[in-house]
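Below are two complexes that have chain A in common, paired first with chain B and then with chain C.
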Partner chain A sequence: MNYFVIVYYALLIGGSCLAAYFKRREIFLALFSLTLASFVMGIVGGQDALWAVSIAAGLLALAGGTAYAFREFLVIISGTQTAKALRTAPLTASFGMFVIFTYAVLGIFAPVIAPFGEGEVISQSFAPADENMLLGADQLGRDLFSRIVYGARNTVGLALVATMIAFVIGVLLGMVAAVKGGWFDQLMGRIIDVVMSIPGLIFALLLLSIFGTNLIILVIIIGIIYAPRVFRLTRAVAGNVVVMDYIEAASLRGEGMWYLIRKEILPNSTAPLIAEFGLEFCFVFLLVAGLSFLGLGIQPPTADWGSMVRENATLISFGEITPLIPAAAIALLTVSVNFVVDWMLFRSSGLKE
Partner chain B sequence: MADDKRVLLKIQGLRIEGYSDEKWIEIVHGVDLTLNRGEVLGLIGESGAGKSTIGLAAMGFARDGCRISAGSVEFDGMELTTTAESDRRVLRGSRIAYVAQSAAASFNPAHKLIDQHTEAPVHYRIRKRMESQEDAMELYGRLRLPNPREIGFRYPHQVSGGQLQRAMTAMAMSCRPDLIIFDEPTTALDVTTQIEVLAAIRDIVDQFDTAAIYITHDLAVVAQMADTIKVLLKGDEVEEADTVTMLDSPKEDYTKTLWAVRSFQRPQKSRPADGAVPIVTVDNVDAAYGQTRVLEDVSFDVHAGMTVAVVGESGSGKSTAARCITGLLPPTKGRILFSGEELPANFRARSKDQLRQAQMIYQMADTALNPKVRISDIIGRPAEFYSGLKGAALKTRVDELLDLIELEPSQFYSRFPPELSGGQKQRIGIARALAAEPSFIICDEVTSALDQLVAEGILRLLDRLQDELNLAYMFITHDLATVRSIADEVVVMKEGRVVEMGPKDVMFTPPHHPYTDLLLSSVPEMDPNWLNTVLEERGVDNIGEAART
Partner chain C sequence: MGDVTRIIITRLGLGLLTLLVISVLIFGAVELLPGDIAQAVLGQGATEDNLRALRTELGLDRSAPVRYFDWLSGAIVGDFGLSLLTQSSVTDTIAPRFANTLFLAGYAAVIAVPVAIILGVIVALLRNTLFDRVANVATLTSISSPEFFLGYILILYFSVKTGMFPAIAKLSDDLTFFELLERTFLPALTMVLVVVAHMMRMTRAAIINLLASPYIEMARLKGTPAWKVIARHALPNAWAPIINVVALNLAYLITGVVLVEVVFVYPGIGQLLVDAVTKRDFPVVQACCLIFAATFILLNLAADVGAILTNPRLRHPK
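So, the complex of A and B:
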C-alpha cells in the first residue's frame, strides 16, 4: 500500500460523498461504482490497473475541460444569436468543434508546422522516434509527424471538395425535382436509383480504371457517387416545403423557379442539409482513405492518411503502433464530425427537451 | 359538509409554468375550480388563456415543457399532483377521459374504430372484449351514428369528421368515466355537423350523469353545453357564474367585450348599376381533380369595392372556385373574366399585370408566410417585383404598408414571422397582398384560425382598406357571423354547385332555399335554450338526415 493507492481511493470516496451531499445522483453513481470496480481491478491488475484508470480519467477530464473552455471561448467571440445556440451545445459537440478547428489549423498551416517536407527522406526506414522525429520514420525514412500534418491538408481537403461537389449536384437537382415535379422528378429519381444500385467502392474502382487516377477525376467521381443520397434528402425536405402556402403565394406572384429555390425553399431546408453535410463528409473521407489504401487514391509521394496506413501496415506484425497513428487521425476526425452533426440534428429535429 | 360528496374535482391555487428561452415562465397564475358530479363546466377564453393547460392539469398532467408548480388538484378525494404517475395513468382513461380537438389526428389511422374503443376497458379489465364491443355499438347508437352495429369496423379515414368526433366521444365513454374533458371538440367542424355533435355530446353526458369540462372559445357553443361558465384571460380567472347569469349580466369588462364581438356589422353597399362591368366574372365554370368533378356550372360576379361572401360546408367547392380564379386549377369548362377580359386558364400563362390584379390571403398565416424571411422582405418583394421599387423607395413603401395594416414599422420591419402573434401574422399576409396594388383579393377563411376579438380586428381592417382602396373581396368562409358582418352579396355553395345567391339582406330574410335555411339555423346563438329549440323544430331523431338533405 503506497501513497498513490491511498490518494486514489480517498479522492474517489470523497468525490462520491460530495456528490451524494449535493444530490447529484448521476455523478455519485458514476464515482461510487468506479470505486467498487477499482477494488476488483486493484486486486486483479495491481497498481498498474489503477494507474491506467487514473490516466484515462485524466485524459477524459482534459478533453472535457478543453471542450468546455472552447465552448465558452466561442460563446464570447460570436454574436448574440450564435452565442445562444452555442450555449445549448453539449460538451461532446464542442469537443468535436475543437478537434475540427485543430485539424483546420494543421491543414492550413501545414508547411509552417511540419518540421520536414512531406517527401523528404531524412532517416532510415522505420527509424524509431527520437528528439528529431516525434513519431519516428515511415518505410522510406520520411518523418511520420510531418506526413500526418501534410496528410490533414490533402486528405481532408480532398474529402471537403468532393463533398461539396456532391452537395452542389444533389441539392440543385433535388430542389429542381421538388419544384418541377412530374416527368423531370420521375426521370431524375430513376437515374438516381440506378446510380445508387451500384456499390460505391466498386463504382469508384470501375470509373477510376476507365479514366485513370487523376486527382480532379477522383474528386468528381466521388462527388457523383455521393450526390444521389444528397438528392434524395433534398427532394424529401424540399417536398415538404413546396406544399406550403407561401410557395403558392410566390409562384402566383409569377416568381421564377430560381427565385423559389434560392429565397423560399433553401432557407427552410438548411438545417437538415448541414447535418447531412457532416455525415456525408465522414463517408467521403472514409472512401478517399479506402481508395488510397487500395492505391487508387492520392498518389505518392503526396502524404495521405489512407495510404500511410497501407504503407506502414507491415509494422503491425512487429507490434508497433506506428501504422495506427494515421488511422487514429481518421477515426478522431470522423468521431468529432459526428459529435457536431449529432448536435445539429438534435437542434434541427426540434427536440429541445 | 354534506356537499363534499357531490364534489368530484377541486382545483385550488393551480399554477403552471412553461419552459421557454431557457427559463420557466408562469402561464397559469393560481386558478381555482370546483366541479360537482354530473355538472358541466365551460372554460372559455382566447388562445393563450391557458384553457387546455388547465384541462390537462385536471388529469394531473402537464404537457412536455410544462410543469405544475403550485396548487392542488383533488379528484374524488385523491390529490393528483402528488400521486405516483402509475396510479394517475390508471385514473386517466378509466375514470377521467379526454376528447381532443382534432379527432382525425387523435385516432390511430391503422386500427379500426372499435378496436381503439375497446382498448381501454379491456386493458383495465373493466369488460371483456366482446362485452366491450357490444357496449361500443350501443354507445354509437346513442350518439346517433348511422349503422351503429357496423360503423365501428371501419377505419378512421372511412368516416366523416363529425362521425369521427362522435366516435371519439363514445370512446371516452367506454369506461364510464366520472369526468370527461372536451377540448374544443367541435371547433374544426362545419356548423351543420357541429350541431349534431353538440346534441350527441349533451345527451350522453346527461344520460350517464358524467361531469365534464368543456373547453372552447365559442360563447354560443358553451352556452348550450355548460351549467357554469368560467372566463379565463392569460392564465387568470376573470369571472365565474352559472350560464344564464353569465350571459345576461356579465360583471367584468373583459367578459362584456367577448360578448360584444358579434355585434360588428357594416352597412350593406348598394348594388352597382346593371351595366357595370364586374372586376371578376366566373362564367359557367366546371372543374375537376382528376376524374372527380368538384365544380359544376358555377357562375358569379364580383364588382369593384364590393364583398362577395362564398359560404358552404367543407367540400362544397368554395376554395376550388378560388383556385380556378387564381389559375392554380384550370377549369375544364367555362371562363374567368377580369374586367371583361378573359384570363388564360393557367396562371403560368398570365401576364405579370394580370397576376398582380388578383391577390390572395390565406387561412393559415403560419404556412402562408415564409418563417425564414424578414417581414420587410415578405412585404417588400411584391412591391419590388411588380413596381420595380428599390432601396429607399422600397423601404418607404414597406413602411407605408405597415402603417396601413396598423403595425408600427420600426418594430416589425426586421422581424421574422414566428416572432409574431396569429393576428399580426394575418395582418402581414394582408400587407403582402396589398403590396401588389391589386383590385381584387381572395380571402380564404382568413379569420377562422383566429380568436374572436382578433378576428374582429382583421374584419374591421379589411373593411377600412376596402373603403380606402376600393378593393373587391371574395370572402370564402363557413362562418355565417362573418358573412353577416362584412358581406354585400352572398353565394351559397353545396357539392360544387351554387345553391342560392343574392344581396345579403335578401339572403338573410326568409324565405330561404332549404339548404341556406339549414346553414342559417345551425349557427349557434347565445340563448342557452337555442339547441333545444332547434332540435325540437327539426325533430330530434332525424337531425342526421336533416343535415344531409
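So, the complex of A and C:
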C-alpha cells in the first residue's frame, strides 16, 4: 500500500460521496462502480492497472476541459444567433470542432510547423526519438513527426477533394432527378442501385487495377463510388421539397429547372446535406486511408497516414507504438467529424426521444 | 404461402439481374483499359510479335461480346479462366482461400451477432443515461477507426506485449479445430469490434423507433410490466429490423475482411485480390470482384427476404 493507491481510492470514494450528497445519481453510479471495478483490477493487474485507469481518466478530463474551453471561446467570438446554438452543443461536438480546427491548422501551415521536409532523409532508418526528432525516424530515416504533419495536408486534402467531387455529382444528379422526374429519375435510380450493390472498397480495387494508381484518377474513382449515396439522400430530400406549393408557383411563373434548383430547392435542403457531407467525408477518408494502407492510394514519397502505418508496421513487433500514431490520427479525425455530424443531425431532425 | 414464395422469387430474380449487370460492368471495366490486356501485361517495350502471340493466346482477337459470354458461361460453372501470371486455374487458387475467408467471417459473426443484439437492446432500454452516452462514444470510436488501426492495437497488446495469441494467422492442414480458432482469434476479434459497434447502433435505433410506437404506449398504459412489454409486444416486431441489421452487417464483414486479412497475413480471398490488383492479374481481379459482389447481393437479398417473412405488412406493398 503506497501513497498513490491511497490517494487513488480516496479521490474515487470522496468523489462518489460528493456526487451522492448532491443527488447526481448517474455520476455517483459511474464513480462508485469504477471504485468497485478498481478493487478487482487492482488485485488482478496490480498498481499498473490503476495507473492506466488514472491516465485514462486524466486524458478524458483533459479532452473534456479543452472541449469546454473551446466551446466558450466559440460562443464569445461568434454572433448571437450562432452563439445560442453553440451553447447547447454537447462537449463531444465541441471536442470534435476543436480537433477539426487543429487538423486544419496543421494541414494549412504544414511547411511552417514541420521541422523537416516530408521527403528529407535526416537520420538512420528507425532511429529512436532524440532532441531533433520528436517521434524518431521512419524506415528510410525521415522525421516521423514532420511526415505526420504533412500527412494532415495530403491525406485529408485528398479525401476532401474526393468528397467534394462525390457531392457535386450526387447533388446535381439528385436535384435534376427530383425536378425532372419521369424516365430520367427511373434510369438514375436503377443505375445507382447497381453501383451501390458493389462494395465500395472492392469497386475501387477493380478500377484501380485497371487505371493504375494515379492521384487524379484515384480522386475521380472515389468520387464516383460515393456519389450514389449523396444522390439517394438528395433525391429524397429534394423530393419532399419539390411537391411544395412555392415550387409549383415558381414553375408556373415560368422559371427554368436551373433556377428552381439553385434558388428554391437547394436553400431548403442545406441542413441534411451538410450533415451528409460530414458523414460522406468519413467514409471517403477511411477508404482513402485503407487504399493507401494497401499500397494502392497515395504513392511514396508523398507523406500519407495510411501508407505510413504499413511502412512502419515492422516496429510494432518490437512493441513500439509509433507506427500507430498516423492510424490514431485517422481515427481521431473521423471520430471528431462524426461527433459534430451527430450533433447537427440531432439539431436538424429534432429527434428528442 | 404462395404469396410469399412469389415475392421471394421476384426478389431473387431482381438480384440475379443486378448480378448480371455487375458482371457486364466488371468485364467491361477491363475493356476500358488504355491499350489492351496484352499491352498492359507486356509493358511498353513489347514487340509487335509478342503482343500478337499473347493476344491470340488470350483470345483477344475475338470481339468483346463473344469473349464476355465465354467468360460468363465459364463463371457460371465455376471456371474463371487462367491467371495471367502463374498460368494456373483461377478457380483452384480462389476456392481454398474463399473457404478461409468464409470461415473467418463466420467466426466473427458467431461472436458478434449475439453480443451486438443483446448490447443494442440494453442500450436502447437505458437510452439517455450515462451508460448510453458512454456506449455511444465507444461505438462511434470503433466505427471511425480504420480496421488496420484496431488490428495493430490488438497485435500490440495481445501478441507482442502479452504473447497470448499469435500475431500472424498462418494456416496449415494439420491444425486441430481449436488451434485454428486460436490462430484466427485476433483477426476475428478485429472484425467483431467493428461489426458489433455498427450492429449495436443500428439495433438501438431500431428498438427505440419501435418503443415510440403507439401500441407500446398502450401496453404501458394498461399496466403491463416492463419486461412483458419487451418480450410480448416489442420483440416480435423487432425481428424484422434486427434481421435486416444482421444481414447488412454481414455484408459489411465481406468488405472489411480485405484490410483485416492484409494486416494479419491471413490466406483469404481479400489478400489475393489486393495482390492481384498490385500485379494487374485481371482474371483473378475479375473473379474476386464477382464473388464479393455476389456475396454482397446475396446477403442484402437475405435481409429483404428476412424482413418480409417476419413482417407480414411488407407482403402487400402499397
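The rule is short, and it goes like this: the second predicted complex is superposed on the first by the 350 of 353 C-alpha atoms of A that agree within 3 Å, B and C clash if a C-alpha of one lies under 4 Å from a C-alpha of the other, contacts with A are read in each partner's own complex, and residues count from 1 in each chain.
Methods note: contacts are C-beta pairs under 8 Å (C-beta built on N, C-alpha and C of every residue); 3 or more make two chains touch, one makes a residue touch a chain.
It should be emphasised that the depicted structure is a prediction, and the values quoted were computed from it without experimental measurement.
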{"item": "Contacts of A:207 with chain B and chain C, given as first, second, both or neither", "value": "second"}
{"item": "Contacts of A:14 with chain B and chain C, given as first, second, both or neither", "value": "neither"}
{"item": "Partner chain(s) touched by A:263 [first = chain B, second = chain C, both, neither]", "value": "first"}
{"item": "First (chain B), second (chain C), both or neither touched by A:244", "value": "first"}
{"item": "Partner chain in contact with A:128 - chain B first, chain C second, else both or neither", "value": "neither"}
{"item": "Touching partner for A:252 - first (chain B), second (chain C), both, neither", "value": "first"}
{"item": "Which superposed partner A:181 touches (first chain B, second chain C, both, neither)", "value": "neither"}
{"item": "Comparison of chain B and chain C by chain A residues contacted", "value": "C"}
{"item": "Chain B/chain C common contact set on chain A", "value": "353"}
{"item": "Chain C residues within the chain A interface of the complex", "value": "18, 21-22, 25-26, 29-30, 32-33, 127, 129-130, 137, 140-141, 143-149, 152-153, 155-156, 160-161, 167, 208, 212, 251, 254-255, 258-259, 262, 273-274, 276-278, 280, 282, 285-286, 288-289, 292-293, 296-297, 300"}
{"item": "Contact set on chain A toward chain B in their complex", "value": "87, 244-246, 248-255, 263-264, 267-268, 352-353"}
{"item": "Touching residues on chain B, where the partner in the complex is chain A", "value": "19, 22, 64-65, 326-328, 347, 350, 352, 355, 360, 362, 364, 367-373, 381-382, 385-386, 432, 436"}
{"item": "Parts of chain A lying in touch with chain C, wherever the complex brings them together", "value": "26-27, 29-30, 92, 193-194, 197-203, 205-211, 282, 286, 289-290, 293-296, 306, 309-310, 313, 316-319, 321, 323-324, 327-328, 330-331, 334-335, 338-339, 342, 353"}
